[in-house]
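Both complexes shown next keep chain A, but they swap its partner, so chain B is in the first and chain C is in the second.
Take a look at the complex of A and B:
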């Protein structure tokens, strides 16, 4: 079942590739604007790199979260998903996983490339990749709760940012912290472990919260 | 605001099932939307092989009743039981017995009719082969258009693609909400024969419609919601 939901959402995303590409381009452009605006001051660029890349990733995920349930809601397939004979949190987990693959994984993969503009060392780029790999599932998981709560509301896009962005702060602090530690030459493992713990906690709780929010939104 | 509920058996209908094998029982059901009470004290018991036609003016709560019956909506009061057990406690076990088709077609525009049908069935735990899906869509009059993205189809054709689910599902209880809108005469008679077969095979169909679906034989109930 889970496999079918993931496959369905991946296929839908593939048929609407433009949506996926716009998220990636947004991320690349926002990250690239900073080196262009600041100029070739490598020391300053290295210092701001962790925060800039992570904030850009948070904002880019805002772009795609609105679509997580809204399309299915409009054409009635979300009702049908709620009526499938399986626990709703599994459906939600499948959709969130597909969202991560479609909207977050491209950012994780491209981040080391755009990170080069900030004169980061190879090791720091690796940590940047790793921190995003561990941290972006948190963005999808917590974001799905916000997406479910704002479903069918007018101006849901802005509301979702107001709801979800504050909840992203721990992921931002530990994610950017890990990269920063690597820039400073200290070990990033403590930050990464905390980020991993945060990812596990959100994996445990957010599918249930999203499932409950969906039931309320569809009443 | 008081509402009356008329529940009348058609004079010509023949009772096939015995009184004690009611599989779906609704007692004292009430529904409140916003600050309006749509209905209250609704009782209904249905035995296998029954067609229930749900009628009533716009806003009388037909859709709400069907959504309550498929667990999408929580009733304000009352109890619904399936085989003697409360549907809330049955959970997925009950949902697996139900096919609900609502106002919205439940068709993804980006997918073809075959993909739509196969995926929606796979999610319900019924795997349908490509050939079987194409055959069902052919029966619904979509032969030759199975592989087009659904957004290329007309409104009525999309409705037909959604209705093709009825051909491949093996659920006991059908809840159909205004499924005849934007269908032509041929499709309406097709839906009628689908329901007829389902009811003849011991299934239950509860259909909200403004058109009169004259089923020739069998156990027909008429439930009229009033405002």
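Take a look at the complex of A and C:
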């Protein structure tokens, strides 16, 4: 069941490749805007890079979260999925995982490339990649709760950022903190461990919360 | 006597109306006493001068802001779990008062910070987490405002409030940790001079006043929500109870 959901969502995403790419380009453009706004001093850029890349990743995930359930909701598939005998949290978990692969993984992969613009060292780029790899599942997981709650509401796109962005703050702090520690030359492992712990906690709680939210939204 | 019958909004409506003065009048009296003790009787602080006196508004407001969020989540959770409409309405009416107290604590904090620290805003752990708390309130209120169906609004709000409550300690500790990493020495709000008896008294009186005020205002707002949502309750209003 889980595999089937993931496969189906990946297929659907593949058929609409443009959506996926637009999120990636949004991420790249937002990150590239910061040097233009702040100035090209290498030292300054190196200090702001962790925060900038992470905040851009949060914003990019806002764009894609709206699509997590919306298409299935519109064509009625979601209701059918709710009626299946399988537990709903498995469906949710599958869809969230597929969302992570489609919307977040490209960001994780392209982030080191973007980091080069900020003159980060190779080691720091590796930490940036690692922190995003551990941290972006949190964005998909917590974001799915917001996506389920705002399903079918007017102004859902803006609303979802109001709901979800404050909840992302620990991920932002630990994720950007790890990269920053690496920039400063200290060990990022404490930050990464905490980020991992946060990811596990959200993995435990959010599929259930999302399932409950979906039931509420589709009543 | 079966107390559960008051869980019905229609039954609770007149009771709430009778209760309001019992909270509102003591709240007004305590506010007056607390402010008097705080502004005129409590001694001037030898470090901060008279500027510290905003503590008598700032600290109770900050406590209320945090506490009301938890209370709101509990009410929302009960309303969702037991399908108790009144409880969910209570959560909605608590949200606005909580957001107001959080905003007051941020604003008075800025007023306090300017004379003592020389700046309106510091990314201090407590201030930052209070700001995030305000964001969580705003999320809750705007989610409920966006949903037309009252039942769905109640339940969606409950899910959000519960997720928020799980997240609040995590946010608090992450912010605190982030803060200690960023700035070497954080500024202490109080340098721990022994707090004088009259200061403590004023603080506690103001806290009690804020409590009573919250109860009164929440009950008033609850009555409005009941009137809005429950057709049967509007009859009570017509009779004038």
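Quick note on the criterion: the second predicted complex is superposed on the first by the 215 of 219 C-alpha atoms of A that agree within 3 Å, B and C clash if a C-alpha of one lies under 4 Å from a C-alpha of the other, contacts with A are read in each partner's own complex, and residues count from 1 in each chain.
Here, contacts are C-beta pairs under 8 Å (C-beta built on N, C-alpha and C of every residue); 3 or more make two chains touch, one makes a residue touch a chain.
Note that the structure is a prediction, hence the values are computed from the model and not measured.
Within the superposed three-chain model, A:213 lies in touch with chain C and out of touch with chain B [touch as defined at top]. Counted by residues of chain A touched, the larger count belongs to C, out of chain B and chain C. Contact with neither chain B nor chain C is seen for A:25 once the two complexes are overlaid on the shared chain. Counting contacts as defined above, chain A residues 219 meet chain B in one complex and chain C in the other.
Interface residues of chain B facing chain A in the complex, by the touch rule stated above, are 70-74, 92-93, 95-96, 98, 100, 102-111, 115, 119-120, 122-125, 149.
On the side of chain A, the complex with chain C involves touching residues 142, 145, 149-150, 153-156, 159, 162-163, 165-167, 169-170, 173-174, 177, 194, 198, 201, 205-206, 209, 212-213, 216-217, 219.
The residues of chain A lying in touch with chain B in their complex are 1, 4-5, 8, 11-12, 15-16, 74-77, 79-87, 218-219.
Considering their complex, residues 132, 135-136, 138-139, 142-143, 146-147, 151-152, 155-156, 159-160, 162-164, 166-167, 170-171, 174-175, 177-178, 181 of chain C touch chain A.
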